[in-house]
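In what follows, subunit A forms one complex with subunit B and a second complex with subunit C.
For the complex of A and B:
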């Protein structure tokens, strides 16, 4: 590109470009364009840096809080509370049985007094049963009160420590009396053992006195209650042993904080106390919604691609393609709004019709659930899957089709046995990219998934999709606006962002690998 | 091709009906059904929003467009009954009618954000889109020129391409987190137009770079060679022989980018959007630079707020469907323009 160096009678020498700082204009321009291109790399690095900076600093902070929680004895109190909660679940089952019984009697046209008389044994039994746990409840409250004060002090101390790091530890005004609290708590261990033994024998006695219920429709509930109650009673010594083994002195490692985050089953934000940040409910929620969406989008996306590419006439394909591509342009928040305003109600009303009773999970209790969100997300995944699959199908070399037809196969056989199998890697990568798009989608799940933070109950089988769930993207969008900057909650949300980021990178990477690995005909 | 037989039933070359053929036909109809089911679904969604939204945006008398809805700020809606009739009034009207005249106001139900109009949200969205696209276009087109005209195959180019590919797959909420961490908190811009612009620009950057690069690549190599053979420098070659022919393609892709920028909610939720702001962006500024450091209302966020925080009933429907309709119309017009432009350009330049 340099001008001609040979001298010639004609003045072919190019005019010199003006130089800036000894660099000619061409190089400057190149550097300018190159610099812009590098911005993409810088942005990726910045995203990674900021996510990880905020996300990873969550773990030390969480570890510290967990340690305070343990050392102050609050952990012990929460363990006792878990036992009490189990008992309360049993109570809830009893309440359920009673409610059913009353509803049954009401539908038979009994008066209020008759119902009261008929349900009296059940009522009495309920009171008997709930009285059993009074000592346990008192014990739990006593322990909690003991530990709460120490925990509060410890937290305030840690907060102060974080604010002025210049002070050394011994300059603090008060020293927190961890050992005193722990000693007090440990002194109550025999009390708990006695209490548990008492509860065990009481339970066995009370369970035998269960009032007879004639109604056959109640029998499954009663059976379930008895089973759970016996399991609870049998588990009591085990509970006692776990509680006795509790070690307040054991320090919490970073690894344990990481494990509690990744495999924690609860996400409970408590601004004044100990928060639990467990990813599992959000992750399972995200995966459930994504699963539903992909199961629905797969046949539609791939089927439409096969139809449009192989069977439709030219004009028909020219009409279908832009229509489906147009879905990408519909903003996700509009689709979410449609879900909340129309689709959710529609599905619930449809599920109430008697002739659809045989379907699992029908009628649906909640208007907004994983299924509602999944259906709408499927619609959003369809254009991705459709466009890329269609691309993959049209990239299959013509020779393949012609050879197959020449051997006497029908067009349909050629499509199904030659073209689709050849394009399958492209279709798989299309589906993976669809998954990536769905898992990162925020507004639809935020509006339509029901936002209940709980691991979906997979024991319900095919009815599982009809439970409300919360997702990783949803929790970030919902809670980010209201957190204190730099706090543990703020960092926890960034940590969820890191998981999401890594997950989508992994999916994209896999899609690219599969796509490149078995590319045909180029 | 047709056999000389007069009766097509006797045509020996026609396939005989068989079980395989019937199965094939069934599958074909099945696939056709799946395809058209998707189209029906889209139509259902669009029609629902269009029909119900049209009630909020259009009125049956002159000037046929609900001017109030398009030119006012959102207000609280008061619903009350007087003499057995139900009235709906936005907050300012309600106050004017009752409180300023010193009358006792009747018992009412209120719905926040459900009255008034959506003018600040429309303005906010337009501002966000304009700024973000300006930044994204400058960066994106320049990067694409480097990648397609200057870049030599090597580790740097591979790294850049890999970054772009991966950036394209990052969920928009992660961009939101990133923008929140970097612009809002680290650079201390607070919730502002500037933070929203950069967040959205970075989000749409991969789309613009890859589409612009494709447009540049579709210019035949012969054009470049001819220009260089005439002794032009590389930049002159790009300026005169490549960019003019790639420009329509670049613009098309950028319009698609606009649709994406306008449609995303998650990135602006905590970088640029306010729940409610009475003042328009150019009102109440102390300095000219305050313009960049103010939050704005935006249509997608407003739609999220009115659909998530308000109950679904006859009184809130107007605001919900109206916002959805206006928003969808803006985005759809952009997307359709880009699709039509693309078809036109493809048919014009056929090298």
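For the complex of A and C:
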């Protein structure tokens, strides 16, 4: 009250605001707003902490699981599988010969019945050859079942252990008989050797029965197949030898678990109780989809921004801006549904038209693929890129434009040579934020990307986008509902979440850095 | 005047109380059954059973409400272990990990077989094949072969569609047809039977598997396996359907009534009406179950 100037009656009344516990209204409001901010920060910290705690505890658990996998002999079964896979490659060569044969006959205008009749010897040969692998497959299954029993028991024990940590050692009454299982498995080694010997002699017999093919263009393929088959039989003892050297006792390091996660090429859930968690198929899938989306969204978003900001008349800009920004209002699940019901089918129908055959990958087989998802995500990235680019363009100081025009540059020259280059850092950060928006999007990729957990085959060049992929966000959404809390699968999904989090963080950080680095006019 | 007012107030009060009591009474009579689990059971069978059961209850002047979520057998069993469901629908038996989880939570699950479902292997109607051997099915779904020219007079990459890992059909097909070998890395994991049928109907190179209720989708063709159609007694890809209930927990009597209804002739007629085989056939298909 001892201010230098006299208070007006109005101010005097304000001074007598109701006080709660001796605190006036202003301080209360200040405390309320400050409190809100603090709550937001605390919640964020809690979420981050929770994510990292759940995600990072995956690695010790995975390491333990990999050790169990090895000690119980499951790994051995997977080694036998490698031999089977090699055999399948031979089978693939054989199928390829028959495929060319069929294509040839199809181009000659033969009907399906005629083709079936003409290729019957080759078909019979295929069955003969594929039957060679049956003993190998049966052996693989038998050994796997032997090991899986022990593995499951060990896992169950570990699970029990995890759930009630309160009573520890005394609960471990029955000890898992790893050595017994390993001895049993090792006892089957002579069986494998015998089987391989049999396979070798049988295969040489079958090879001699190769049916005569009329088409001379197939001969080199047949020769290559024969050569590879003989090389395979010659290499069979090698498989036996590697298996004999297999050490079930070797321990697994934490680093190895980390490596298997980050660079693993397979994500297989719950096959005979065991799961493989390899990030690469999901990471490459996410990056492929995002890449397609950005390549498509970039010209549209930036182009529309330049036009609206620089060239459009007032009325046009007033129409274009809300239109593009309206896309944000469409829920992503609606976009995803549109992708399944309309867009995917449309792309496939279109790819079937004969005059588009020259395009890579056309006609496409799957309507749900990375391209379908990428196109829809591009739609969702355009508003982000457009709005932020437009902001960057309008932040270019007026002086620049005026000086350029004063020097005699045309309006177009000013736009292309002065304004866009000046705003380029803002545009780049807009694109980066667009990427951040797209990579975290879940619903559209879950519905439209095709959900094939496999690293895309980049050898197909420009046809690669038309392959189905699975993504990091998609897998979390798809599998989170079925996992037991605290289990290894649950943790693996959190770990994927951590990778996604770090990736988005990095992108946003880079966007801000670039934006700050070269801000104009300050 | 004052007295009249008082009287009116009293009357209003008593009316209010009566209304409240009546409300409480109806709320007591309206029971809720929470059912979660398999998409195969939950898509068509469960809604039909629900309708029939509600109609029967209504005839007796009682009301009952259902909460149904069908997102895969594993989710249902997880829910019943967590106490979030009264009944779990499952298209497979319990896995050892689920049994141990149940034990750890003090849950004792009892299986109630309600019917038998065949898993049909479907291809596009343009596919020239009419049947496959079990060995061919295995080779296709494990990725041993990846092109139709291996087994048919047409060429083209095989598009394999499977359910996702939470589905009971996924693991059951794996053990019935694939000797529990890994699925092909080329396989696409789709969310439900309906989606698989739709993809196969649209893709002339597609193959997938669905429950029998989904084989009427236009554009798909059911393949005979080893020469047998799914209606055959010894069709190799058949599986039992269960409801699981936690017997260690007290349930409202309506849950038991519902179970009794499913196993009654009326309930079994509903089971047959949605293309499943009645539970009585279970013993023919799985003689080992009859011993229990």
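Here, the second predicted complex is superposed on the first by the 367 of 522 C-alpha atoms of A that agree within 3 Å, B and C clash if a C-alpha of one lies under 4 Å from a C-alpha of the other, contacts with A are read in each partner's own complex, and residues count from 1 in each chain.
The rule is simple: a contact is a pair of C-beta atoms (placed from the backbone, for glycine too) under 8 Å apart; a residue touches a chain by one contact, two chains touch by 3 or more.
Note that the structure is a prediction, hence the values are computed from the model and not measured.
In the superposition on chain A, A:88 makes contact with subunit C only, while subunit B stays out of contact range. Of the two partner chains, both subunit B and subunit C are touched by A:481. Of the two partner chains, subunit C is the only one that A:99 touches; subunit B does not reach it.
Of the two partner chains placed by superposition, only subunit C is touched by A:453; subunit B is not. In the superposition on chain A, no contact is made by A:428 with either subunit B or subunit C. When both complexes are overlaid on chain A, the residue A:497 reaches subunit B alone and has no touch with subunit C.
In the superposition on chain A, contact of A:222 is made with neither subunit B nor subunit C. Within the superposed three-chain arrangement, the count of touched residues of subunit A is higher for B, of the candidates subunit B and subunit C.
Of the two partner chains placed around the shared chain by superposition, subunit B is the only one that A:412 touches, whereas subunit C remains out of contact. Put simply, subunit A uses residues 345, 481 to touch subunit B in one complex and subunit C in the other. Within the complex, the subunit A residues that touch subunit B are 1, 3, 14, 17, 25-26, 29-30, 32-34, 36-41, 43-44, 46-47, 50-51, 53-54, 299-300, 303-304, 306-308, 311-312, 320, 322-338, 340-342, 345, 379, 382, 410, 412, 433, 436, 439-443, 446-447, 473, 476-477, 480-481, 485, 493-494, 497, 500-501, 504-505, 507-509, 512. By the touch rule above, subunit A contacts subunit C in their complex via residues 88, 91-92, 94-96, 98-99, 101-103, 106, 112-113, 115-116, 119, 123, 126, 130, 133, 137, 141, 144, 152, 155-156, 159-160, 163-164, 266, 268-273, 345, 348, 365-368, 450-454, 468, 470, 478-479, 481-482, 484. Residues 15, 20, 24, 27-28, 30-32, 34-35, 37-39, 41-42, 45-46, 48-49, 138-139, 142-143, 145-147, 149-151, 159-160, 163-178, 180-182, 185-186, 202, 205-206, 209, 228, 231, 233-235, 256, 259, 262-266, 269-270, 300, 303-304, 307-308, 312, 320-321, 324, 327-328, 331-332, 334-336, 339 of subunit B are the ones touching subunit A in the complex. Taken in their complex, subunit C has these residues touching subunit A: 71-72, 74-75, 78, 95-97, 100-101, 104, 128, 139, 143-147, 149-151, 153-157, 159, 164-166, 171, 174, 179-183, 185-191, 199, 202-203, 205.
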